[in-house]
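Please find the structures below.
In the two complexes that follow, subunit A is the common piece, with subunit B as its partner first and subunit C second.
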Partner chain A sequence: MNASRRALSGPRYAVLTAGGLIAFFAIWYFAAWARLAPPQFLPMPHQVLATLLRLMESPFSGYTLQEHMLASLQRFGMGFGLAALIGIPLGLMMGWFRLLDQIVSPLFNGLRFVPPIAWVPFAALWFGTGIGGPVLIIFTGAFPPCLINAYRGARYVDTYLIEAARTLGIGNFRIIAQVLFPAALPSIIAGLRISAGLGWMSLIGAELIVASSGIGYLLVKGQSAIDASIVMAGMFSIGVVGLAIDIILRLAEKMLARHK
Partner chain B sequence: MSTIVFDHVSRTFQRNNHDFLALEDINLTVNDKEFVAIVGPSGCGKTTCMRMAAGLEFPSGGSVNVAGSAVKAPGPDRAVVFQQFALFPWKTVYENIEFGLRAKGLAEAERRKIITHYIELMNLVGYESAYPNQLSGGMQQRVAIARAYSLDPSVLLMDEPFGALDAQTRVVMQEELVQLARVNPRTVLFITHAVDEAVYLADRVVVMTPRPGRIKEIIDVKTIRTGEKWDSYKKIEDVMDLASFVHIRTHIWKSLREEDERTLH
Partner chain C sequence: MTMKIRRLNQRTIVGALTLLSVCLLWWAATTTGLVSPMRFPTPAETLDSFNQITFEGYGNATLYVHVLHSVKLVLIGFFIAVGLGIPLGLAMGYSPSVEAFVNPAFLLLRPIPPLAWIPLAIVWLGLGDASKVLVIFVGAFVPSVINSYTGARNISVQLVEASAMLGIGRWAFITEVLIPESLPMIFTGLRLSLQAAWTTLVAGELIGAAYGLGHILSQATLDIYISMIVVAMITVAVLGGLMTYLLGLIETRLMPWRKG
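So, the complex of A and B:
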């Protein structure tokens, strides 16, 4: 294997990671120090950190940063949960019942290419800007990977396992729950990771437009106040929480892989 | 009476828009509690015959009946042992055997009794909570056989069950299957391409030839087995040394070779 493509580990990896981060902040500091942009547009990194800490203590636009984040996470949890709860069983059933596949697939493939953001006006009209609208938008982002990965997982289950189950007298729904689901689990978990990422991004997009709380809402308010440090502190926390969600799902993936 | 009856069965497949005749006029009756093996080269349709009895495939012409009624779908009355074992990798040995029993609606205590019995019978004691990938091929196929037997099927269908095992393991499994068949006689349709195996295990051996798949001849082994007292020998190699065994084996070999030469020239 090519030496430069070999997986990095140990001290070499740590040095390169640190080097990248240091370079990034050095350029940032330099740009801010040289006044390449006015301070309210380009604050220094430590000022962003200070803003972050301030937002965690005193409310901005009605709530503290944690409260905004909690509002976002609640919506995310509902939209993502709903997407998984409907998408996974539906995908597995479509993988098993040909008729259902033929009915749902064209509809699904048509709607799939309407991006989550394009749902925003519709969601606002129907479900308002409280919890309903944003939840619908997250759902539209998170649902397709749940359904597609469950469906593909179910379709690629080894034929002989399905045949074995059928010769053992296992009924349709037991096959779906106890053969297709466990066999498709790696694919489903991979789908959930994609789904969580898309859902999280859709949520922030939704909150920029329809919401009266939440981290996306905080960004918009920061923009109105022409305070880039608020916007950047918000962006930073979005990234951290998104990464945390992915790490949790990756851990779940690893735990399942070990069991197999 | 759990007999399997193939009545003028034919099977065609579509291949490149051409009808391809895989099986032609198969007539075969496997009697109640009889062990019938089908031998033949790959492509002769022997596996298709088994799959039609299982309800996993259907004839294009003629009919396949089991216990008096036409086969319409797979069911636990016709257990199948597959070459690839087909164990559920996320279930333990115990759970694999239990799966079919649960679907049958048996109570916990009843299930436990049956599973324990077959785990002992198939020498799987101590491996109840192991996962399939922790077991050797021979052990995995033992689990699959226990799973099939535990459903108390009237008919057992085996599709080259020892084909994926090494030679030594294979011999042990063949001996065990003979023991099992003696304790628990069933109607068995056994598919193999190993002539030795067919002669050693079966009451009758069906010789099939390809293009199209046809039954060439059916050899009665049981009469010779009882006449020559094969069952008094415990080891397979002792049976295989007997003149009567060698005679049948050679006969089947020649029968298969004749066909090779006919189709090659």
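So, the complex of A and C:
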């Protein structure tokens, strides 16, 4: 806590927060009511809500909102899972075997500056409109934090632990699995949270370009129909699901901290 | 000391050897036909494409014009975002009232990934530069707010009390304590903002643009001109790395005490 901040009483905080929320919607309503832009471009908040409910009942560009979301979540699960399955063990091994670190690091640092979305052309060329394209892009987005955090976690493990394990004569791979992995777990989970966020964003980017289903595709279709309420309803559901993924991982983080 | 130098040398040598063997592998795999030329280009083709775009031009312009256009858009969006985001973040960290008022709107918008704004930006502003700047702004704004907020919140109590005891005014507190003390976190935010700006720019240009690196990517995809895709990806990576490097230089210049 910071002393420069005069403590704010509970009611005052609540009033200001409510005021902020009301101001946000009031400005939005006013802008739409004053026709600063035609309703097609700037719908009122309750119209977006109505569109959201309509999209959940009747299919738009092939599927209902839930079906689009399910397709997106499947791709996300595959890309994110693959990134974690490869990134975490590789990061741990790089933290243990110095030569592997020296070999992988320059490659990794070179590729890291290619934004995931720049893989879209290759995703399209290699996989067409199949599921591989979006999965590749999610993977490139989600992979770096998995690797970096596992690596850092493994590097900062207490040397006493490693020396003790050494004294007991444990082999390299058992040290990685039974000493480095548990000790690096908090860092790994923190990495998973970052990588889920980046993966989710990359998924949306991928679906804007190479997909014929999914929530990103729904946005594109809403855009070409010049219907901002569809786009906003889609953005809202993307935000909610992204938030839900983050909350799940945060719960895992908390459970782990309690377990320790 | 000598140990450190030797290790550093080993790191550089192994790194150089790795990059060399990757280049050799690339050359061998593509020229022997192990990897189909429809899947990945040979180094020679890539070099040819680089020459073509540098001297003759590709996708409406030469590489120089594309790069200039992309960098210009990124810098415009980036500077508007951090110009508004840093003061807002610092104000939220300094004053609980500002935080209470702004937080609801911020929390509502924050989970929406920047790339999900692209369709809305296109509906609102069309396919021109303005929609790209809007999306870059959205991407770069959030990290700069969050990190300057965290920086301002974590100033040590002793420092605040000491400055209060010395009786410095509000303005002096802001310029002499708040900003310098938050600077490390502000720079963390700047780096994340820059990365987000670069990613969103490439995505925005991929979806529709007349110039820019993303436009080269999408044009080359349409033409199934894979060596040009590789040229564009390398350019994106090099520029992204270069901008991050420049930001790091400014950081050490502004905060020499944090060196090393």
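What to note about this one:
FYI, the second predicted complex is superposed on the first by the 242 of 260 C-alpha atoms of A that agree within 3 Å, B and C clash if a C-alpha of one lies under 4 Å from a C-alpha of the other, contacts with A are read in each partner's own complex, and residues count from 1 in each chain.
Keep in mind that, in the parts below, contacts are C-beta pairs under 8 Å (C-beta built on N, C-alpha and C of every residue); 3 or more make two chains touch, one makes a residue touch a chain.
Values in this document were obtained by computation on a predicted structure and should not be read as measured data.
With both complexes brought onto subunit A, simultaneous placement of subunit B and subunit C is permitted, the two fitting side by side without a clash.
Once the two complexes are overlaid on the shared chain, A:167 sits against subunit B while remaining clear of subunit C. In the superposition on chain A, A:35 makes contact with neither subunit B nor subunit C.
Of the two partner chains placed by superposition, only subunit C is touched by A:118; subunit B is not. Of the two partner chains, subunit C is the only one that A:204 touches; subunit B does not reach it. When the shared chain is aligned, subunit C comes close enough to touch A:234, but subunit B does not. Of the two partners subunit B and subunit C, more subunit A residues are in touch with C. Draw one line from the C-alpha centre of subunit A to that of subunit B and another to that of subunit C; the angle between them is 90°, to the nearest 10. Judged by the touch definition given at the top, the superposed model places A:178 against subunit B, while subunit C stays out of reach. When the two complexes are laid on top of each other via chain A, the two nearest Cα atoms from subunit B and subunit C are 5 angstrom apart.
Overlap of the subunit B and subunit C interfaces on subunit A: none, as no residue is touched by both.
Of all residues in subunit A, those touching subunit C in their complex are 1-8, 12-13, 16-17, 19-21, 23-24, 37, 41, 99, 102-103, 105-107, 110-111, 113-122, 124-126, 197, 200-202, 204-205, 208-209, 216, 219-220, 222-223, 226-228, 231-232, 234-236, 238-240, 242-243, 246. Per the touch definition, subunit B reaches subunit A in the complex via residues 54-56, 73-76, 78-80, 82, 84, 86-90, 99-100, 103-104, 133, 147, 151.
Those residues of subunit A that touch subunit B in the complex are listed here as 158, 160-161, 163-171, 174, 178-179, 182-183, 259-260. Interface residues of subunit C, counted against subunit A in their complex, comprise 10-11, 14-15, 18-19, 22, 38-39, 93-97, 100-105, 108-109, 111-120, 122-124, 153-155, 157, 160-161, 164, 173, 198-199, 202-203, 206-207, 214, 217-218, 220-221, 224, 226, 229, 232-233, 236-238, 240-241, 244.
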